[in-house]
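Per-chain residue numbering starts at 1, and chain names A, B and C are given in the order in which the chains are listed.
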Amino acid sequence: MRLSAEEQDATVELANIGISRAARQLSVLLDDEIRIGTPDVVLCESADEVVAALSHRPEEEVACVYQRLSGELMGQVVLLLAPRDTHALFHNLLGDGVMLHGVDVRAFEHEAMTELGNIIISSCVSAMADMLRQRIEVSIPRYSEARLDDLIEDGMSASRAALLIQARLQAAQREVDGVIALIFSASVAQQVLAAVRRITAS
Amino acid sequence: MDTRLFDLLPIGVMALDARRRVLAWNQWLTEHTSITPGQARGCTLGELFPNLINPRFDMAVDQALQGGGPQILSQTLHHYLVPIEVPHLARHGLGRMRQHVHIEATGHGDDAQVLVSIIDVTSSILKIEALTDIAQRLENDVNRDPLTRLFNRRFVWEWLEHQHKQALRYTYPIAAMMLDIDHFKAINDRHGHLIGDRVLQDFARLLTQKVREADIVARFGGEEFVILLPRCDGALAADVARRIVRRTREASLGDLSPGAVTCSAGVALFNPSDPLSASDLLREADRRLYQAKAHGRDRVVCPEEAS
Amino acid sequence: MVETSMDQTTLLQVFCAEARDRLQRALACLEKGSGCCDYNLVHQEFDSLHGGARAVDIDWLERDARVIAGYARFLRNLGPNHVTSAAHNLLLETVRILEEQCRCRMEAPSFAAAPGGRLGSLLESLESALRAQPGPAVPLTILVVDDSATSRLLFRAHMPAGEGHAVFEAQDRNEAMRLADEVNPHVVFMDYNMPDEDGVRIAGRMRAMGCRAAMVLLTANVQQAVLDDAHAAGFAGVLEKPVNREKITSVLRSIKP
């Protein structure tokens, strides 16, 4: 299964709206303009394809925030953040003059990344709900860290396909730059595409 | 929900309407803010706490109302939503209660309500900070020499390993200086260990005064010291070494008369265009220190004058 | 046709005869009911009546015909399925009374005096209904510049219907420049993230070319920095994606082309 040109265009537009919303909130948090790259959208048919499409190495440790969707869209959405991308973000979020070491970096980083993940996921989901005119319920966010391949394997065991959205976010004034990856489980991908097809057919 | 149950919750709970005005305010909030439900009802948080400006809270409420699902405000990024003073914790930098905030919307349009839960996480922050304190102290101790409070041999190797890579990548030189107090055993024998220790401490102080903040001064063992100077060329390092040797000769260390204590130094240079390994760098410095001793002590041997 | 040699009295007589015909045609049309009435025809009759009344200096009729023409256009723009019977009957009753009064007084010189009473209050109702009407009254030529077909499609799908706006679409800079020249739009909705060049620059090129359209930034990215940039670049407004009818209507209402 591949995305048609219309579906590709529609999902990129959808992703762009969601990520723009997230960027607006991040810009308030960081007090800086967030530049957004054009989102890259791929429909993957296996866990291997997802891993291949990501810019991370399979054995790399990644942080992820996941939330379950229910209501008119059922499934799971996972946000991946590579630790190498998020350290600078985290330190910028805390502001200058805050030095953290060892234990607390990890504890606080988990907390802050959960909030960031929540912002990005819920922005995208609310953009979808708006554009697709559907009601989507979202569970509270959960955080975990895992090897990338294990994480994808676990997340995709029950499903075969997934919609992968990647976009680059960059702060204008600070050294914050990273790629976020959102993975929607197959069931969500199918329903989003169905809704997109309804729109593009109208 | 039965409002009595609402009041029994060990967390702060408030309900806001679509225009962000308080509809409900539980007992926990009344106890901690001294604002009664009657006073809170109909007001926005901005009206209740005039100094509270939190655009992120407003956006999170918007997001929840627009179907974005539950929103969280972490204590890491915001510290708190509602300002609540906590007694006795100001010295920990925790004058106010740290809060984890959860925001969820129900209903639609004008009938929508927002439920805001506030969880006190101050004690877990204290625990984390206490742990960090201990870890920090442990970490410092394993890197420091207890007598002089200089870095120790273990740290030198750790630092060099890291700096060596950086210097290669960003192509900058590192100067290494190996120093030794001349005839230290004789000083110890003649004046006793207490004076000997004070000589070491004073010498350590003298070394740290002669270098830049980015330089590393370490007690390598016994009366042997190492100074590592990143981004420092051979001429400058030689200069620093000569000044240290002269100052040692002129100073009164451990209350001994000036000239009673002298030192020798060997300087080596890591040059990214002709790189040495970290251990070869220290070995070179040590070799030149040996040459300085062999040539009569109280002197420096630098790369260009070494044979 | 009015001949230039006619004196004022003859002119008035010709106008009165013409006005009577117009009023009767409009009334006949309105009496078919809200489902079958051609509001466009009603609008045209009163528009002409308005022009004629001005030519013969009958102030009250000029004013009343303008109000009625505006109201008929409003109903036309709503579309036949959205006109309530109350809205229709208001117009019907107004036109009926006007027609009656004009028929009685057409021959007399007293025609020039404004009728009062019931007609006056009906016209007030029409005017207040018009004041509350959503959307601009003038049909606009609109150019949407966006590389995303979905975005253009959604824009078209949510355009307020029945207001006679003409929407043109461009998917890249060259097409945008060509259409800006050819259709001379009143309003340009410009996507920020365009592949060749950002929307603010394309808008600058259009201006340099002489395009006088009001520029509206079409973007999901509504960070303060972007809004400030758009404002500094002379954009008249920002339309946040995803678009919906309310947002488009409110932007169109806020700008004055």
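Here, a residue touches a chain if its C-beta (ideal position, glycine included) is under 8 Å from a C-beta of that chain, and two chains touch if they have at least 3 such contacts.
This one's a predicted model, so the numbers in the text were calculated from it and none came from an experiment.
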Per the touch definition, the chains contacting both chain A and chain C are none
Which chain is the middle one, judged by CA centres? A
When the C-alpha atoms of chain A and chain C are each averaged to a single point, how far apart are the two points in Å? 45
Using CA atom averages as chain centres, what separation in Å is found between chain B and chain C? 68
Whole-Å distance, chain A centre to chain B centre, using C-alpha means? 32
Can you pull out the residues of chain B that are in contact with at least two other chains? none
For chain A, what residues touch not just one other chain but two or more? 24, 130
Quick one: in the complex, what on chain C touches chain A? 148-151, 153-154, 157, 193, 219-226, 241-242, 244
Given the complex, residues on chain A that touch chain C span 6, 9-10, 12-14, 16-17, 19-21, 23-24, 27, 33-34, 36, 38, 127, 130-131, 172, 196, 199-200, 202
Complex interface listing, chain A residues touching chain B: 24-25, 28-29, 67, 93-94, 100-104, 107-109, 111-112, 114-115, 118-119, 122-123, 125-126, 129-130, 135-141
Per the contact definition, I'd like the list of chain B residues that touch chain A in the complex. 55-56, 59-60, 63, 66-77, 100, 102, 128-129, 131-132, 135-136, 139
